[in-house]
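Here it is, the structure, as structure tokens.
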């Protein structure tokens, strides 16, 4: 029983990480209808930012965190300005390709930093290696922090898209750019904002993840497991991203324990396939159909 | 005004209950003239009852028009016939294939074209990144006679079939005057031409029944007149029955043999164009009373 | 005349992981090799020939290793492949080399496949993972009174070698593995593997892991309050473990041959060497720099011996009578013959104490 | 600009539009046939890889460029072909038979992978194929008895009628032959009803359906053909590389394949091969360029990825139609030469609409 | 009406899609408070003119002035923010937003909450079906309902100039009439200037004050609508009033029978 609880707990924590990254995907998807393959890399950059601020500059954790978030947000805006904006309006697929390219570049650049890029680093967060004991249950503070941050972030983003004019305008721009222009929605500016926001979210994810998987150039690949999370939840639904992440995390944790080796790595993908068979639009996705 | 010979007699009656014929032995006994009959069709989307117990029949060789205010459920009826939606209740029978009528719900959406029903869309659904010619050739899909491997090796038979398809398509192009646009990408065509291309594509399937959703919307008077001629050609020379949704009453009264007016998903009135147009309820819900537009004008003192 | 040898040049190829999970190792090994190459070129030559080193990156990916090997062999026309890092990568690349009669010289991995089955062009220098664990494990079990032994290993030829060594070692004391669990090359999350071993109540875990996996596994175990004895192979014997993993890594054991050059306690020549390394690459040398350096050093010695007419045949002939004496890095003596292609089979045991590897046993031979 | 008078419908159907086509493609063919005698071994090997990737690219082009179904798991088919070929070749099955089996098995897997395509689209389909890719990769890794697991598998040299055709030159000719045949097959398919049905599905499923196109059948078919070509390519790849391991068929490979067709130019058969040339030549060019750079940059391991990413970004930014699009412009420029107007290819403002409703 | 100051002025504007020139040297003027209309056959370039004005297409040549400011080739969003709103051809609603959110987006450039709330009520008054469907996805409305929504969005924006592209597309006869009444009312009551493109020339010529006739991308005729209504050509080709004239019931082009 305790075993199951412990597995559940670690599944939830891992799931929150997936959810957090998926949140970034969904954010970009909802606001621009593109799928960003660079989200994992942005996260990696965010983690490196925080790492640099703490280890190289020597800032305290909170200072470094804020700095990293701000720096990444600025970077996101800049990225949009330089590479995304020129082809805004081209088929979404082009932008997806761009994000793949951005991913390569980010990984390449980081790897090229002498003596730092190729190595693995640990992020010295203040709560590192701390654990809470609830009876026999061990709760990792690192993981608890992830769960908390994820919940808060999800709530904020949800409120933005649901109630704020800006959030609705972002969705409008993604659904019909032309009409958005006709309505005077500053599509380009919003797009920049979205990328800034997504990069900030990625930075947060990176810092939360840093203590657990370490900071290294390839840490962004974990994003590949966040895709299934986003799909299981229904791409385009923020709460869905979190729930999807949890489902994937928990399934993974149990599969790793009870099933033979190899199932753990494939479990998320099996789950997503089953989900697509049963509910092609995910748990929270709406069934959309073109009216002719 | 042209009317197909032999079809001038119209049994006008709102709804099918009133239309009930002395049937003796099931659907097969229905008037041999009937091509498609819908009975008690209803469909519900969540809280919206888009079509509510609508019955009608389309006869061979006629132009049958659906009119009604926006949101009356006309397009939904089309979508039910082309199996994009499945009716909540009611059935649609197709009498076009051999002797026994079949229920359309027994067919998959892609089989409808092969039965001989082709349609156009209200919002134009063309293959945007292909040329007009290509679009029309796709329209001939139901007539393909080559298999996969024959196409891979492009056997002489395939070549022949291709040339034949091309000849057929070329006739449609000529009928609808599309020669100019033959090799143009659809994406760059003006709205009006696209409407015609869509009609042409539907014709390429060589249908028995053609569903036209607002064929004249976006066309000016002159072009609408052309459209009227085409519809008449299609009806009279090609012998294709037409089921049409249209808001332009001049076109409606020019080409249609019978009209069914709908409102809020229900059948409101049916009969000849003239009868329906003079129906008080239709005028009230759809046509509007005043015909004088001068009230729109700016009065001199303003 | 063999390819890669001209009147005044010998072309040496090497494939390292410069961008993948073992980038830490690859870079150090390359630097070590480069240092010895430069040294030679500055101070002299091998029978009138200078050395030229061709480095390719495999990213610890066998496919890239094959492509790199094809490039080195067919395009750069190397004479010899030296110090290629990684078991799976070597296994993949060797056929390409052998087709063109290029020797696979001292790959940086201790898998048995590096000299078995016997092949004219294979030379290996490191006591195998198999032997390392097979010998160290029974001793550990005895010392620690372990009852249940588990293993976590990388799911490829490297991990399997460790796992097989563990099984063989257990057999000698009449035990069996309680739990086996594996992970994929490049994995970063080991929570379920650790949970499995914890649930099995293991008190000794054999680590078929390398850098991040070692840290990840041990770290995860410590976090969940699971504290068995950890025993790794020479693949995990690196200063990166305690540098990255911090305090949590204290106490783990690993087998190895050469020693990490901690400068504060090193001998004078070693310090001199380390200084040279540091001036050149601006970082402290590690045990993998040592590997790289020694490999080129050994090559130079054998090539000297092969004489001015350097061909693959003459090189093989020279190698087959070579003996390398213990050097300043603490490696034992190693010898080669036409049928003995593993130079040395002795290994020893170290433990991390206060953030440093401390040797805890002497060399043992099988 | 060349103006062609058409005098018969057959002219529209013909593969070569005019004499110039015949001439230039003839020249290309001659050059390719002469290659084994002119090119050094290493470059011939690269050319062989181009052909192999070109075959795979053809398949993916059919799927992504013509049917509009994006697959982010195409490496799975490549792998299926490669492993089938490896296992059969190692068991001594003659080369052509093994090749057929590889293509057939991949096609079968393609049908299975195509199943979700009937229900889901866009990003959902992408993830579904991605998921399949991961699972297939895991199968390669776990089915150790057959595949040798993560340690990989060595592939024997291909045998034809007891002859070893594994030498660089022979194998090149084999690949060339297969590539040419595949290209013709695809071209034929594209100019007949099946190919048109694919395009119809790409542009509008709803109206394709109302034109009588059986969406499920054609999507499945597209997946199957695409997978078969990938399998074929995989089989050749296995021989050419002579060593295969599961992680050669991972997501990165899949993305590379996708990049290949996009950079080549989605929706053109030329694009498949141009993309393949790019994919193979790029790392070569980078490593050639390395020596010119200061060592701190040139020797840095991330350089490859960086340049690759930059080139990709550059392509999307400046040439969204891919290499083939660029080629068309160059050609038009040459044809129009003195009369070329600068604004001719200026990109218009464009606006996206939701892809979710299709 | 000809005395009011000019709100919108196009000077010799030329726009093209790639190599295809869609309008060639169009000059027109819309004066404060008037309704101007552009008539023209299919493909004449009417839509292109409107798109060029609102910045969706950059003109190759010529200049566009709105309220005295040059807006040539500016960013569309920026143009709109200056007080101009475009009801596009083919509805272009936000399919996955609710009807209400669509309306709110119409009012994106406005910051007076009360005014927006009031206008929503006004619009619901014009088109009660929109109130009924306020929470439904706009993409699921029928064609005509979407058209109503598109027009309503422009009303929500409360601009000084509205560009209307075929507002009667797919609208029932009764509603067409109502929509024109609404257009006229907005023009009269709020003083909104309107540039109207419409296939229903009869409606357009009655509602508008000044008209332009466009053929093949060139303006071939312009005059007050009063006078245009009386022109024979207009009657014949745009109003279809010519009974038994050149065309009459017979088609002017003899079709050869086929099949």
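A few comments on the model shown:
For clarity, chains are labelled A, B, C, D and E in written order, and residue numbers in each chain start from 1.
Here is the rule we use: a contact is a pair of C-beta atoms (placed from the backbone, for glycine too) under 8 Å apart; a residue touches a chain by one contact, two chains touch by 3 or more.
Composition by chain, UniProt nomenclature: A, D = Branched-chain amino acid transport system permease protein; B, E = Branched-chain amino acid transport system ATP-binding protein.
Predicted model, so just to flag it, every value in this text is computed and none were measured.
Common neighbours of subunit C and subunit E (chains touching each): A, D.
Common neighbours of subunit A and subunit E (chains touching each): B, D.
Judged by contacting C-beta pairs, the busier of the interfaces C-D and A-B is C-D.
Averaged Cα coordinates give subunit B a centre that lies 42 Å from the centre of subunit D. Taking each chain's centre as the average of its CA atoms, subunit A and subunit C sit 37 Å apart. Here the CA centre of subunit A is 31 Å from the CA centre of subunit D.
In this assembly, the C-alpha centroid of subunit D lies 47 Å from the C-alpha centroid of subunit E.
Residues of subunit D in contact with two or more other chains: 141, 206, 301-302, 304-305, 349, 351, 354, 356-357.
Subunit A has residues 111, 118, 175-176, 178, 181, 217, 261-262, 265, 288, 290, 292 in contact with two or more other chains.
Shared interface positions of subunit C, defined as residues touching 2 or more other chains, are 18-19, 23, 27, 155, 184. Pairs of chains meeting the touch criterion: A-B, A-C, A-D, A-E, B-D, B-E, C-D, D-E.
Of all residues in subunit A, those touching subunit B in their complex are 292.
Subunit E meets subunit D in the complex at residues 16-19, 56-58, 60, 95-96, 139. The touching residues of subunit D, when paired with subunit C in their complex, are 41-42, 45, 141, 149-152, 154, 241-245, 247-248, 287, 299, 301-302, 304-305. Subunit A makes touch with subunit E in their complex at residues 165, 168-169, 171-172, 175-176, 178-188, 288, 290-291. On subunit C, the positions that touch subunit A within their shared complex are 18-21, 23-24, 26-27, 155, 181-184, 186-189, 191-193, 195-196, 199, 211-212, 215-216, 222-225, 240, 244-246, 248, 282-283.
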